[in-house]
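Below are structures written as structure tokens.
What follows is a pair of complexes built around chain A, which joins chain B in one and chain C in the other.
Now for the complex of A and B:
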């Protein structure tokens, strides 16, 4: 279908048509989309076929480069076809990369906060609703576990945090009324707060200390009827 | 920390004294005596100033009517030759007839790679050196970078400590803004010493600069001051990084 005369007859949007109007307008100028007036563009694409193409670039945690090639067929049409290509860059995975040194620092900082939360339990130890008071401790442990979930070098830290969290689960919080128990837990958290690197030996020692204090660092048995479904590092909602 | 990363450190030393009326008569003798001890193979003269250049050690010594000045690329030269350089300074000042100094200063600047990205270091500055970012939300909602200067006195020496996370571009720009870099090179067209130094520090890094000084001191105190400054720069820079990393700082 030819373009309406009303468009072709005009020298649309061309810089060559000033008030003098003496310069010839090149034929191609009228067809250059950039030079179309809004009115002309509206007419041209009013009933155009529209094809949307989205290209997603997800930056992997390994930061490896890659090429995405996608071929779409655009069928013949008497009218113009408007093709919109939208490129989406998803940096979430790449942003999650954190250096071991950074993760160590985050661990030391947050462990200090957990130790403070454990210390804060002391004045509330006799309360009936002591379980509520232990919630900040569980929350801080879970948050730190979540932060360290992708850290390549903080596996031992995660294991100690899981042990600590387990001691608070299934009614384990009651044991934290005892000052000696709190002292043991705080001593273990101080290791996370001060160590440059947490070693497997420290994991074993933490387990032994918690166990000797009468706590259960293992958590509920897997055959127990429990709603808690935990993956290797995934923090599920923790009940009191 | 700086001693272990000596090849990422650049230094300045200055001994300032009252301008001398008769400097022209004494300056050449002072420069000659200094060069004799320093064994610097290259030297230059600009009106009122001699420049002695040991381009192998990447060390400059400048003497004029009001200052004896040293500049180096790397801290190693000071670690190896501190006593010798103290003697060179002493000889120069004696020839100039200077006993009392208005100020002596030693500055060590380093771009230290500590295994973290600029973004990570910038984030950790909050909560370590300054309040957590969430507590500064009424100032602005997002913070990208931090530059911190602390002034004080430690072990009788005044200090100005500057710490900042730096991107590769910032690290290079900071170093390249240093004066006299071309004077370290000989022959200038082929010596790549400055480029090699620049390439070494061209990474995300933690910038630490310590400007240490004492005022109104006798010339004889320079060796002690230099030794103290080297130790203080080393321990304070280590403490600065430990602070960023939330490690317990062990003070000596």
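Now for the complex of A and C:
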């Protein structure tokens, strides 16, 4: 509903949309409604102007906060005016972007993009600067990991993504010159692209396939303690 | 001629899995070339205790702190007196490289999932196991993980794993009451008795201590030495095994440490 000419409004923050009805308030009301008795209130507002105002707050996809400030100027009135302001918060959009279905959609779409990026490596496999070519793959994997980090039902997806990313790290990208290796990686990404739900079993299988292909899905090597040396008694440290 | 069988002791697990320095990994590979690598349920228990449980602890601590930096500071203090500065520095480095240092949720998953992948690597590369003579009940455990509830699942595993088994058959294996039992065979060697593990074993034997996982963790080297079958060669970095293997008349292959390799 459009604001009447007598009302000015200022809205800050992209996620909010607001709409309001007309409002009329006594300019210099010398009373306070809260202090009236029920009887006096009934008399005063018996024939009052009644104005309803609805303000709609629709949470946007970025979930950013915001402020709506409105200044309304109304003319004087002989009769009291009853103003009811109703605020509505509409969370559907925000809820939708966190829903398992939405996250599944994001995963499928972007897994497809990763599979394409892996396929695109083929014509560059012999290049000296092949590491440059694999950079977009690592970037896409890392971005999807970050996007899915709060998705409660995509934990298994994240683990497969971490395994894939690890195979490309620390010189692992060299292995991707080999068509067989790329084929293995693409087959795993296709699972993310096609599955309705990624399961722990699929995580296990992905690890086995990557490991058996001679890749390193593990990530950093097992850490050494600072005091580990030839004479160190491992069992004493264990008991620590 | 059959391949030589190497039993990889806990101190040699890192180079066996290619997780030490390049030179140290090569040293291991050269020394054990042509042989097959073996492990045991008990060595796997020590691996879980030392590396997997540590990583779970780090992940859970990150989850309970406002940010990753605070968690690392707290851990450095909490791990005392064990010196894990190296581990924590490596964790920080890993989180920096994966872009997770500023994202608590990413960080805790990176650390927790790494624990699982290390264990998988252990099980893949050291799949062959000697008989579990000491009947360790926890070394064969594997966390059942759904990555949608990663931290919850690992926390449960950690708590279960750290709860001492009270009715372990390791007591029958050691046979403190038997003067010709396994423990006695080790304690007959004066040089073994001078080792920290020998002293602990003596103490338990003298008091006929009932051994649970808590006590067992402090005599791990002795258990490993006592479990070693005659036709296996123990590969180790830890020098205690020079004496333990000699006392048991078992073949052993001492490896140089990372520092010793660097000095060459």
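Criterion: the second predicted complex is superposed on the first by the 125 of 240 C-alpha atoms of A that agree within 3 Å, B and C clash if a C-alpha of one lies under 4 Å from a C-alpha of the other, contacts with A are read in each partner's own complex, and residues count from 1 in each chain.
Just so we're on the same page, a contact is a pair of C-beta atoms (placed from the backbone, for glycine too) under 8 Å apart; a residue touches a chain by one contact, two chains touch by 3 or more.
As the structure is a computational prediction, the values presented were derived from the model and not from experiment.
Engineer: Quick check on the superposed pair: does A:104 touch chain B, chain C, both, or neither? Answer first, second, both or neither.
Structural biologist: It touches chain B, and chain C stays clear.
Engineer: Taking the superposition as given, does A:196 touch the first partner, chain B, the second, chain C, both, or neither?
Structural biologist: In the superposition, A:196 contacts chain B only.
Engineer: State whether A:146 touches chain B only (first), chain C only (second), both chains, or neither.
Structural biologist: In the superposition, A:146 contacts chain C only.
Engineer: Considering only touches as defined above, state whether A:211 meets chain B (first), chain C (second), both or neither.
Structural biologist: In the superposition, A:211 contacts chain C only.
Engineer: Counting only touches as set out at the top, which of chain B and chain C does A:68 meet: first, second, both, neither?
Structural biologist: neither
Engineer: Which of the two partners, first being chain B and second being chain C, lies in contact with A:112: first, second, both, or neither?
Structural biologist: first
Engineer: Of chain B and chain C, which one contacts the greater number of residues in chain A?
Structural biologist: For chain A, the partner with the higher number of touched residues is C.
Engineer: Please work out whether A:219 is in contact with chain B alone, chain C alone, both, or neither, and reply first, second, both or neither.
Structural biologist: The second partner, chain C, only.
Engineer: How about chain A: which of its residues touch chain C in the complex?
Structural biologist: Spelled out, the residues of chain A in touch with chain C are 142, 145-146, 149-150, 152-156, 158-159, 162-163, 165, 169, 200, 203, 207, 211, 217-240.
Engineer: Which residues, counting only chain B, touch chain A once they are in their complex?
Structural biologist: 114-117, 120, 124, 127, 244-248
Engineer: Quick one: in the complex, what on chain C touches chain A?
Structural biologist: 9-11, 13-14, 17-20, 46, 49-51, 81-87, 90-91, 93-94, 97-99, 103, 105-106, 109-110, 113-114, 117-118, 120-121, 124, 145-150, 196-197, 217-221, 237-240, 256-260
Engineer: Spell out the residues on chain A that touch chain B in their complex, using ranges where they run on.
Structural biologist: Touch residues, chain A against chain B: 98-102, 104-105, 108-109, 112, 194, 196.
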